[in-house]
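All chains are identified by letter, namely A, B, C and D, in their written order; residue positions are counted from 1 within each chain.
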Amino acid sequence: MDDTDATTLLQTVLENVADRVADEREYLTELDSKIGDADFGANLHRGCQAALEAVDELDDPTPAEYLETVGKTLLDEMAGSSGIIFGMSLMKASAELESGVTPETLVAFTNAFRDNVAERGDVDVGSKTLYDILVPVADTLQASVEMDADEDELIDASARMVEAARRGAMFTAALRAKRGRASYTEWRSVGHPDPGAVGILIILQEIHSTAEA
Amino acid sequence: MKKLVNDPADVVDEMLAGFVACEDGVERLPDTDVIVRSDAPVDGKVGVVTGGGSGHEPMHAGYVGEGMLDGAAAGAIFTSPPATEMSELIAAADGGEGVLAIIKNYEGDIMNFDTAAELAGVEYDQVIVDDDVAIADSTERTGRRGVAGTVFVHKVAGAMADRGEPLDEVKRVAEKAIDNVASMGVALTSCITPEKGEPTVDLNDDEIEIGIGIHGEPGVERTEIQPADEITDRLTGDVVDDLNLDDGSEAVAMVNGLGGTPLSELYVVARRLDQVLDDRSIDVHDVWVDEYCTSLDMAGCSVTLLELDDELRGLLEHPVSTPQLND
Amino acid sequence: MKKLVNDPADVVDEMLAGFVACEDGVERLPDTDVIVRSDAPVDGKVGVVTGGGSGHEPMHAGYVGEGMLDGAAAGAIFTSPPATEMSELIAAADGGEGVLAIIKNYEGDIMNFDTAAELAGVEYDQVIVDDDVAIADSTERTGRRGVAGTVFVHKVAGAMADRGEPLDEVKRVAEKAIDNVASMGVALTSCITPEKGEPTVDLNDDEIEIGIGIHGEPGVERTEIQPADEITDRLTGDVVDDLNLDDGSEAVAMVNGLGGTPLSELYVVARRLDQVLDDRSIDVHDVWVDEYCTSLDMAGCSVTLLELDDELRGLLEHPVSTPQLND
Amino acid sequence: MDDTDATTLLQTVLENVADRVADEREYLTELDSKIGDADFGANLHRGCQAALEAVDELDDPTPAEYLETVGKTLLDEMAGSSGIIFGMSLMKASAELESGVTPETLVAFTNAFRDNVAERGDVDVGSKTLYDILVPVADTLQASVEMDADEDELIDASARMVEAARRGAMFTAALRAKRGRASYTEWRSVGHPDPGAVGILIILQEIHSTAEA
């Protein structure tokens, strides 16, 4: 996919994600209220709105520049634990798309995002954070690319990535939190899904539905 | 939800605008939610900075001023401020002798400060405050939370810097305070964030939460409401045991209101705290009774003890001039 | 009812015991609910005293100390203290130059102080503070209530006495302050007294009471919750109009928390207050933002303005050292 | 009635009043919550309990000394507006019984209590305070004595005094408060009886039932 098409797609994705997050804001805050401090809904919503404004000022950006700007804005405006994790990871991963948007560079981007979350958050799978769903999502994408999926098949891959994310979110519900504020709830966190993970699931759902359209 | 706010999303911005309009000796870095001393950076002095989510006022900006903090970055309610603003803070506080960040033990704060230090590129070090005894140490978790005891750490570190001590000395004293401070809280009602508009925690009419966190995070035990003396015995006992203070130890104490509790009730708790420490023949240097580190409108309090030696006592008495503390 | 209390009937006694245990420079007259300066009576100085029901902490005992009050009698919650204890207070504060009582305009306080003066039999005079604009003057009533503006009157009167001024001069300045101070409050929730255990006033979830009294007495208007700026415009406007301040007047302002409102919201109000006074080109000398005169756990605030001339400004800046104010 | 009998009767009356007030405490506080500051119930209860203790320490007091002690204790312990009004008025009026307890001295006592309330409180009839019921009560007693009521008839008089007090309390309900905290409620005080007046009604009911027994 050439850069201009990719940037246009990214813009539509960001707009759809921002609308969806605006609707899900209370739900995400409710999740973060159960096992956290009730600010994740507002944080993600604030981040999305700021990102929309920031990208507006860009002058014909490449996909890498586009995503780097979104990342930097999330770090500034979303803030909190999620802001630095989403923001820094997106900034770091966006470099993988400088050479263009291809199945291979998308895999590199997704893996870089995943690895930065692990490094920045000092987490591993099973800590009941958004990292828990990034691992299955990245693997699903890489598996389809390893098996020579072309661009159209990538859209099916995105469906499978959403399914992987959904299972990952459900998986976090059964876990005892070992990271983030939820960790203070200790055993009481079991039974509640991780808000950050559900946030990533929502974003992936929008990416898939936009790509499909 | 009834609060004295306009658009909930603007609370932090408007609060800081009111703060700098009304308080002397502080100003706001342009286009940021960072408050610094008007005379920052103070040449030749180690910069002492901090940062964290809003909703704990007067913490942190209330402690910016002579003898205490050089600056504080404010995040959204209960949300760590972004690394970019923290790095502006670090730069603004660097008087050429390096900057020490005093960080409450929350991942968001730590992650953002780590990144900020990289961005700022000045001589930098940090200490992490984890005085909440309600959460037992455990590797399987981010460890103990940083709560009201942080104010004592600000004070002694600020005093060291004000005396012209170098960065490593300021850090040493900050860590000594951290090793000798412990706190425990109780919530009678949950806090209500402007964003959610409803209580974060649902405590029914006769339920209290012992060991609650300052963002409404769960504590160790939910029980029926008890007389103030019983609650004070429990909180003070846990804190004294954690510090294993014994006969002859000297300590400064703090009864900290969480935002919705009147001063009259804090003094009722302070009366019992003083008795308990007396009974355990712990020498009470002073007792601070007020709202120092709140949780929006949460009804409840926390008890903090800092064990003192000659050095810490002297630094504690070092004069300061900030919006909240003025002696 | 969840409060940090033991037996509700013991709240005042335990609060005062905690107060004198934790605060320096103050002590309690034996077997009374009266707090005096440890060095009272101060020879050669006019004694400045006050008294009133408890539940407004830090008012009054929080203002006992050098440069301000010589003593304060505390009654039960929202109940004037008895004349007998007030007369002990008057005697304990008499440094040979007479005693001035600063009384908030409530009949219980006035009747008890009148009798106390007879019992004490020392040179005595009194002034009555009535700064609440919410109650229009009217002969058919006990007149305007005394609320948060009383703290400014304490400060200027205490400063005059501290400067060795005679009784009539201390009284003159106190009355000048009274004539130039005005306040108005708003309640978002009612206070809950330990005695009743339920709200005194029943405000529903989206209802506020403009002009509420500090004992939960009714205000002038119940309306829907409004944004903080609109409420601040209303309170500030009524107070400015009452004092008919105009271009070039100078004033000191106070945003006073009623007990259950977090400091962050008080600064949101303070931001708007500063803007309104600016728009009316009123010169703002200073803005006090904190809990000075509360109503137990009532959520809400009051706005107070004191018009200044050179004399009052100087007295306002006079140094004090009390548990609540220390500059 | 000789002094010792009178003092014994007073003791029984105080005990009955204290018990009754303990039961009515919440009701009186509720009344004072509607148009005041919700402390009258506690104030009157605190006063009664303290009076019981104070009179216990008296060594065979005359009725005048007995009532003076009750008055002084109410002033000290009941405090508030009601404390100084009840207390000072009782102390001042008790002097009228020094010469003994007779229908004439009882009238003098009641009138002195009434007049001290007016002087101390700077009130007159119609201000919606307890003074509003003292006037009809004192008049009812004095009318019966003027018409040569002997001691037995005094008990009937106490019944009529209770009736007068009841009507007085109802009367205060219809008034707009001009004194005390209720005056801040202005027109909203109409429809609510004055707590102090209801307090006096309760005391008179106990005096009557004790005298009758």
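By our rule, a contact is a pair of C-beta atoms (placed from the backbone, for glycine too) under 8 Å apart; a residue touches a chain by one contact, two chains touch by 3 or more.
Fair warning: this is a prediction, and the values are worked out from it, not measured in the lab.
The chains in contact with chain B and with chain C alike: there are none. Look at where the CA atoms of chain C average out and do the same for chain D: the two points lie 33 Å apart. A straight line joining the Cα centres of chain A and chain C is 54 Å long.
Spacing of chain A relative to chain D, judged by their CA centroids, is 75 angstrom. Within chain D, not a single residue touches two or more of the remaining chains.
Looking at chain B, no residue sits in touch with two or more other chains. Of all possible chain pairs, the ones that touch are A-B, B-C, C-D. Residues of chain B touching chain C in their complex: 2-7, 11-12, 14-19, 21-23, 54-55, 57-58, 62, 188-189, 205-206, 208, 225, 227-229, 231, 255, 259-272, 274, 286-289, 291, 294, 296-297, 299-301, 326-327. Contacts from chain A toward chain B in the complex involve residues 26, 29-30, 33, 36-39, 41-43, 46, 75-85, 87-88, 120-121, 176-181, 183-186, 188. Chain C contributes residues 9, 53, 75-85, 106-108, 111-112, 115, 135, 140-142, 145, 193, 195-196, 200, 213, 215-218 to its touches with chain D in the complex.
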